[in-house]
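In the two complexes that follow, chain A is the common piece, with chain B as its partner first and chain C second.
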Partner chain A sequence: MKLWRDEFSIEAAHERYVARRQFGKFLVLTSFGMFVGNLWILVKSYLRKDEVFPRTLVARASDVAKGGVKLFTYPGPHDPCILFHTHSDRYVAYSQKCTHLSCAVIPAADGKRIECPCHHGFFSIDDGRVLQGPPPRPLPRILLEQRGDELWAFGVDLGNNPATDSGVRG
Partner chain B sequence: MFGRQFFVDPSRCIGCEACVNACAECDNHRGESMIHLDFIDRRQTTATVPFVCMHCDDPTCAQVCPADAIKKTDDGIVQSSLKPRCIACSNCVLACPFGIPKVMVRQEQMMKCDMCYDRTSVGKKPMCATVCPSQALAYVSLEDITKGRREKPTNVFYFGKQKVTTKVYMMVPEALDAVSVDVVDYMWEEKA
Partner chain C sequence: MSDERQTARGLTALDGAISLIAILLIVQMWLLTATLEAFLAGYYETATPGAILSGVLFAASFGLYRFIDRIDRSARRGPP
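Let's look at the complex of A and B:
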């Protein structure tokens, strides 16, 4: 017998009614579970240490032409990122995952914005903030450091503190 | 229930509509009869046949109900739809092979013959069987009906490939074991 037919039996005797007490128990236990879960999240957020990011060579500045891009992964091999050489001659890098539904973002045709083609979300190429569309948060920015011709990544800014400076340090 | 069964004998029906009116007297559905008194072939004959719910062992109406509103009680009676659940979608009306359920449009609920559950569950006869003068609708024991009649009771029906066994018996000629309705054949129009 199919499960749904078992759950919704034709036989009146097999029908399972939820008693008020049972429903009350369910409500109380679920609320308690939610409360404990929230406490756990709170405790974890207090105990969280700052993540340590590796220092990785991303690209050679001379390899990326003005207006060009280069794909790389940072900090792990499964975190796709995209490096832009903007028309204002700056090197900026962002996570390539759109904050909406993780589509891969691409440079928009005008060269001033980053576009997510899935739902037409647009981010600013200067600081990764959302300009238009459904993305709820700015793109996580990869912090870059230029040593001579080499571009090194040394951290990820999730965009929660908009006060931090943008672009390349050093 | 209480050693008695419901028997429908179309060959005895005289079309008096006593059952129809008795059914409509009930306070549960006053003015609305749950009995279908059908003319078999009105142009050719005055013969009629009363149809009460056959109370299938595996009720098709309940199988197709999307709202889980039709329930069968322990004693095998398929009840009218539950008022809080029924959405009056007419699925049961279309699916029932006997054509029993009726959707009460005004109250947006399906109602059907429940073999006078208020009466039969306490040992009384259903109203229609009480009033039927020719006992085309009879509520007696199986021994009594086989003793007094030529026809044989059967509760096995075939509608095309669907086999339906019911709680209510139909009186059929002795040669028959089951009532078989070839659904496709029935709908087929003979070429002139």
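Let's look at the complex of A and C:
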């Protein structure tokens, strides 16, 4: 049977069948588009290159008092981060973008947590894990090392491995 | 069974199949956005199960479309 006979109903009573079949075809083509999108993500994830992080001086340890914070950017100039000198005398740093909707996180009033003021998400100051609220993932941790009085950043840990200790003792 | 009643039953079957396809499509849209969100956040391990599940959902949608086509064929063009 010719294509035009498939796509156009000759009898008026069949028009509803054609309309439904064509709508079904549209939905299935959209479904195919979604599948292609997922395949594209899969290919991109296989072809990705491991990011090389620079070593960057973040701060002088003596400049950040216990309980204090310092803002910096890492690894690029548009990646805001926050350095904490915790009450347990450790230096830890995290990306300042909340993993929920990228609001800037700040130290909570109790000094033991990190707070996202937009939707009241809370993260642990020790390892960046989510304690409360809508954030779906931990805060990316900035890997630090101490050289004398200087604190240097040398990488970013997305929080996949909770055993990693990214902070340095004060 | 009268032609009119048979037509109505056929349309009900088509509507049911289209509704199922629409539900599968909504799940697939959610899956794509969730996978993309995780990918952009640097979590690449969700890409493979996301693609497999999306493929399964597409195959199910395509199977339902074949069902729609078959009903349409038998109603309008006679048996294959």
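Keep this in mind: the second predicted complex is superposed on the first by the 149 of 170 C-alpha atoms of A that agree within 3 Å, B and C clash if a C-alpha of one lies under 4 Å from a C-alpha of the other, contacts with A are read in each partner's own complex, and residues count from 1 in each chain.
Heads up, the rule we're going with is that a contact is a pair of C-beta atoms (placed from the backbone, for glycine too) under 8 Å apart; a residue touches a chain by one contact, two chains touch by 3 or more.
Quick caveat, the model's predicted, so the values are computed rather than measured.
Enquirer: A:137 contacts which: chain B (first), chain C (second), both, neither?
Expert: Touch partner of A:137: chain C, not chain B.
Enquirer: Of chain B and chain C, which one contacts the greater number of residues in chain A?
Expert: The partner with more contacted residues on chain A is C.
Enquirer: A:109 in the overlay: touching chain B, chain C, both, or neither? Say first, second, both or neither.
Expert: Neither partner.
Enquirer: So in the superposed three-chain picture, is A:12 touching just chain B, just chain C, both, or none of them (first/second/both/neither)?
Expert: It touches chain B, and chain C stays clear.
Enquirer: Check the residue A:21 against both partner chains and state whether it touches chain B (first), chain C (second), both, or neither.
Expert: second
Enquirer: According to the stated criteria, A:30 is in contact with first (chain B), second (chain C), both, or neither; which is it?
Expert: The second partner, chain C, only.
Enquirer: Taking the superposition as given, does A:48 touch the first partner, chain B, the second, chain C, both, or neither?
Expert: Second partner only.
Enquirer: Per the definitions at the top, what is the overlap between the chain A residues touching chain B and those touching chain C?
Expert: Common to the two interfaces on chain A: residues 11, 13.
Enquirer: Report the residues of chain A in contact with chain C in the complex, numbered from low to high.
Expert: Result: residues 1, 5, 9, 11, 13-14, 16-18, 20-21, 23-25, 27-28, 30-32, 34-35, 37-39, 41-42, 44-46, 48, 99, 137, 140, 158, 160 of chain A touch chain C.
Enquirer: Applying the document's contact rule, which stretches of chain C touch chain A when the two form their complex?
Expert: 7, 10-11, 14-15, 17-18, 21-22, 24-25, 28-29, 31-32, 35-36, 39, 41-44, 47-48, 50-51, 54-55, 57-58, 61-62, 64-65, 68-69, 71-72, 75-77
Enquirer: Chain B touches which residues of chain A in the complex?
Expert: 8, 10-13, 15
Enquirer: Considering only the defined contacts, which chain B positions touch chain A in the complex?
Expert: Per the stated touch rule, the residues are 58-59, 62-63, 68, 70-74, 79.
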